[in-house]
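These are the structures, in structure tokens.
There are two complexes below, and they share chain A, which is joined by chain B in the first and by chain C in the second.
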Partner chain A sequence: MAVSPLITRLGLALVTLFGVAVIVFCLLRVVPGDPVAMMISPSATPADIAALKARYGLDLGLGAQFMLWLGAVARGDFGTSISLRRDVLELIGERLPATLELAFAALVFGILAGGMLAIFGTLCRRTPLEPVLDFLNGLFLAVPDFVWALALVLLFGVFLPVLPISGRLDPSVPVAFATPFYLLESLARLNLAAVGDLLAHMAMPVLALGLPLAAIIVRTLKEALIEAMLQDYVLLARLKGMSPLRLVVQEALRNAVGPTLTLTGVQFTFMIGGTVIVERIFAYPGLGNMAIDAVINRDLPLIQGIVLTFGALFIAINIATDLIAALLNPRQAHG
Partner chain B sequence: MSQPLLSIEALSAISTRDGGQPVLRDVDLTLKRGEVRGLVGESGAGKSTVAKAVLGILPSTVKLTGGWVRFEGQDLMQMKRAAFSALLGRDITLIPQDPQTALNPARSIEAQLTDGLRLKLGLSRTAARARALELMDEVQIRDPARVLAAYPHQLSGGMRQRILIAAAFAPEPKLVVADEPTTALDVTVQKEILRLIRRMQEAHGTAVIFVTHDLGVVAKICDSVTLLYAGKVIEDGPTARLLNALRHAYTRALLSAGPRYDRPDAGLEPVPEAVFAQLRAEIGLSQSNSEGPRS
Partner chain C sequence: MTDLTRRRVLGLGACTFVSAVLAGQIPVRAADGSTLTIAFNANLPSFDGTVGPSGVNPAIQAIYRSIFDQYIGQAPDLSFQPGILTAWGWNDDKTKVWMDVRPGVSWHDGSALTPEDVVWSLERAAKPETGNPVQGVWAGIGNFKIDGQRITGDVKSFDPTIFKWMAFLTGYVLPKAYYEKVGAAGFEKKPIGSGPYMVDAYEGNAYLRLKANPHYFGGKPAFETVIFKFVTDPTSRVAEIESGAADVTLEVPYEEFDRLKAKSGLAGISTPISDIGMIFVTNEGPMLDKNVRLAAHHAIDKDGIVKRLLRGYGVPIDTLEAPQYAAFDPSIKVGYDPKKAVDLLAASGFSKDKPVKFKIQTTRGLKPKDYEMIQAIVGMWRKVGIEAEIEVYEIAKHYELRAAHKLAPAAFYNWGNAIGDPTTSTGFAMFSKTPHSAWKTEDLDAKIGPLWGEKDEEKRIAGWKAVDKYIAEEGYVIPLLQYVQPILYKSTLKVTPNVSSALQPTLITGA
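The block that comes next holds the complex of A and B.
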């Protein structure tokens, strides 16, 4: 992608984010429920309530509230969480890395598992294994992430209790982290005990989030691979004596990966949405888990901050997907 | 060397896709070493099916029902898989129809031109590259080093077809199967490519099966011709004799239907239906299965 389209994309991203901000702000104010009512003790006087409203700017008109909030956000001030009484940006900074590590682990798992199974499925074409694989693929496509999460809790938490069912890190693992990216930091420090424990905690949520992605990748990529395998250049390569695996990986894969890449970008944004419920089920201390608390507590500043963060993340994923697609397209990669 | 290089005997095939309709009916074809044999017929006549049978790449929906394909006396259909695979791409190679789809858009020309040399002849990377440069020179590509580094979309159709010709002749095969190698090209480029194939074939003493629906092309390049209609051989002989005689109604019809090099804008004249009807009667096809063949 050349420079100027990238700038256009970034400009568009800002506009999109502004739209997200407007929608979130309006939605939160039309749904019923009074944040102040959640904070006060039953003995509060009307004067207490008014003081509280004034403190959070809730006594102003909607337009004024929005402008105030947007101006603050533009300066990097997302306000103070009503329920946790801490800076929203700080809270997000603590929780987002946990979610990012989880989501990226699930993405890597989904791509590797889905990619390998798609290649395997292409190699199994016209063998008795093909209908079996297709049937399993269809089954996996039909199971959503939260169902996986519950099934995995039953399987590895109850019947075969080999994996921790909640949290991110066992308290018995002695580490003081300098950053909130526990997994990356442990990897960088080669602290294998910590890496092992973190991965054990991530295993089930990663499977729950990654299996549906893998299933979609298998279906899309296999279809494209089979189509690509019919091309003349694959036939010529086969006549030259290339092995079936090399035919799929070297000849077909690069040309077949386009649609899968775009789809994976879209699915990744869905998956980040999925972290909300999956993190909740596994009590994983990520942004999604906090989002549910924020909604339960009607913590407007925190909800707004989290939703904007998710919005920015989605846009970043879209741009990254386009960039990678452009890099993989030989027409763009080689002039 | 009396033994023919390739002999196809009584080859028959049906299409399971079209309810078992015959695709080839007792096709015979022999090819001497170094001979260029035209395989001619209208679309759907079964030309590509013959070519694919030689290469062992028939689609799963086409089934051979009888006959032999012998290469240097060996029955290709009875041969062990490994032995046949070893033969393909080394002794028998293919020039495909459409240079647009026959090169992998994601791989450099060098990678695609050298992997056959490395896999089939066991050349090292540097030796294969050196050989590739020679071949590029032979097919008259200027600035071969630059073209080797290029990707298919950076080259013209004619250039790509030159590269595919270079790749087909690279392992010094005994037989090159060319399935309509100029159909996808401009008329002017067509002529150059035809001349190039003929020159390469002569220089290397390679036999060629040249599939085309165009008798004008046959006249330019082929020593002999096999004419197919609806899966049946209806003419077989030296090009000169075939073209001079023009005995057969179908031959005349086909020639008038071909594009004219002297008047490229003249377009295709349709073959009169009456000619086909007469022909069907002549070769004993019933009306019901005669309308079928389509590619």
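The block that comes next holds the complex of A and C.
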């Protein structure tokens, strides 16, 4: 991607973010549930209620509230959480790394598992194994992440209790981290005990999030590989005596990976959305888990901050996907 | 020089991964006997239980009671007992309060808890700007003076429940000097209290690790370490206790409770708690007709609902006072009488062919079988000539509508009252001057109003019983049942159930 289109994309990203801000702000004001009503003391008078509204700036008109909030956000002030009574940006900074580590681990798992199975499925084409693989893939595709989460809890948490069910780290292990990126920090410090514990806690959420993604990659990549395998250059390589595995990996894969990459980028954003429920089920202390609490408590500043963060993340992923696609396909890089 | 091939790099990576997982030892079992792991049903949003929404969240009081002490303690049967205050009371004409502060209590940082801490905590709670959700309660006393361990103060507006509130929501003593030194944000990061456990580690939405306070005035607790795992999903809590990863859990579906308590190595206890299910009646539309209100109440088979829907886990009630409450009067009965309901409706011109119609609002999944209960009730109503349309809403919407007096004619809700006083059940739910009431009429206010400041305790309780009787006769609310809290635990433990519903680690010991 050339510099000029990149700048255009970044400009568009800002416009999109502004749109997200407007939508989330308006939506939160029209959906049922007044945060002040949840805090009213039984002995509160109308004056007390009015004072409480003024305290959180909810006594102002919608336009004034929006402008105040937007001005503060532009200065990097996302406000104070009503329920947690802490700076919203600080809270997001604490929780986002957990979600990012989880999501990237699920992405890596999905790409590796999906990629390998797609190659295997291509090699198994027109064999008795093909319908079996297609059926299993259909099953993985049809079952949503939260159902996988519950199934995994039963399987590896109860029937065969080899994996921890909840949390990010064993609470009885006294580990002090300097950053909120626990996994990266543990890897950097070569603290294998912490890495193992973190990976063990991540295993089930990663599987729940990664299995549907892997299934999508299998389906898309396999179709693209089969198509690529019919191309003349592959046939030529086959005539030269190249093995089927090398044909798929060395010849067909590079040309087939483009559409899968774009789709993976889109699916990755959906998967990050999926972390909300999956984190809840596994009591994983990420941004998604906090988002549910924020919604339950009608914590407007926190919800707004989280949605904006997710919005920025989705835009960043889309831009990154386009950049990678351009790198892999020089024609795209030059428009 | 070693050749580093791609295959070797991948092999080393795989070895590192396996080593890491093995080094982590994947601890899925709860720890040894000195550690108690509780799969808890709520998150802890804030360590300061005296301000903000956390202050009135009953689910997390067990944690606050572990770290902090209340002015006045409360036994598992809801009776009051000395806490930080060893004695308390009013003067004869109830214009002043007095409180004796327990000597020899220390904060978790080793400094002494003094009467100044108590006064500072009371005054802070009474200031509107600090954000105490029941600030109005605390503002009823003030102008405190300290003489040794005794505190005296003026009664600004008499509230017969003020000392009960000292064992209830937001009634915690906080360290004045430490709080002023570190501020609100610093306190959230490193809170200290005077309670039986000290904060050791905390990760929001994940866990809280507590260490026993060796200098606790009530004696060192039974467990050296207590871990609250915040597992808000009931299925995951079931998995936690079934897999052995947690020692205790609570609020699991009754079906799972019955299954797991029969399992080897596990035990279960179920106790009626200070939380009731009820249907608010709003004074509008068809509910202005007394016959309709009473018919709606008589048509409900509460025993049947408890037995068939809740597997027996519930206690049917006819007033807003549960049996453990101070103003419970077993003589007040409404009774299941569908024929009477039919007759009452007929007297107002309604029948099965010409039913009275209104909307009923309910949550779904907030309380055990809440939606299913309302479905059953609507079915019972249909049989007598009431056609109710169900609207499902979130609890946040309920609060908004109730504060604006815009609830539907009937609205399901649950009401907690861990101090068991009639003021905090019937009073706040039915007095029109509070934003929490749905039925707002002058006849009822005339009966409740004088009780608000009644100084004679016997007369006050008798007055509330009379109000409850009047409400039942008029059908101003439809109380349904008292909830039962299921607790599952390892059979190596002994759990003392708490009627207030707070699963405090101090109520758990080795069997």
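Definition applied: the second predicted complex is superposed on the first by the 329 of 335 C-alpha atoms of A that agree within 3 Å, B and C clash if a C-alpha of one lies under 4 Å from a C-alpha of the other, contacts with A are read in each partner's own complex, and residues count from 1 in each chain.
Just so we're on the same page, a contact is a pair of C-beta atoms (placed from the backbone, for glycine too) under 8 Å apart; a residue touches a chain by one contact, two chains touch by 3 or more.
Because the structure is a prediction, the values reported are computed rather than measured.
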item: Chain A as common anchor, with chain B and chain C clashing or fitting; value: fit
item: Touched partner set for A:Val158, first chain B, second chain C, both or neither; value: second
item: Partner, of chain C and chain B, that touches more residues belonging to chain A; value: C
item: First, second, both or neither for A:Phe18, with chain B first and chain C second; value: neither
item: First (chain B), second (chain C), both or neither touched by A:Phe135; value: neither
item: After superposition on chain A, the shortest CA separation from chain B to chain C (Å); value: 18
item: Interface residues of chain A shared between complexes with chain B and chain C; value: none
item: Chain A to chain B touching residues, read off their complex; value: 126, 231-242, 250-251, 254-255, 330-331, 334-335
item: Footprint of chain A on chain C - complex, ascending; value: 16-17, 19-29, 31, 35, 37, 39, 43, 45-46, 48, 51-54, 56, 128, 131, 133-137, 184-185, 188, 201, 203-207, 209, 225, 227, 229-233, 235-236, 239-240, 242-245, 393-397, 399-400, 402-404, 424, 428, 434-436
item: Residue ranges of chain A in contact with chain C within the complex; value: 32-45, 48-49, 51, 55, 82-86, 91, 94-95, 150, 153-154, 157-158, 161-174, 192-200, 279-286, 289-290, 293, 296-298
item: Residues of chain B touching chain A in the complex; value: 55, 57, 60, 85-86, 88-89, 93-94, 96-98, 101-107, 112, 115-116, 119-120, 150-151, 153-154, 164, 167
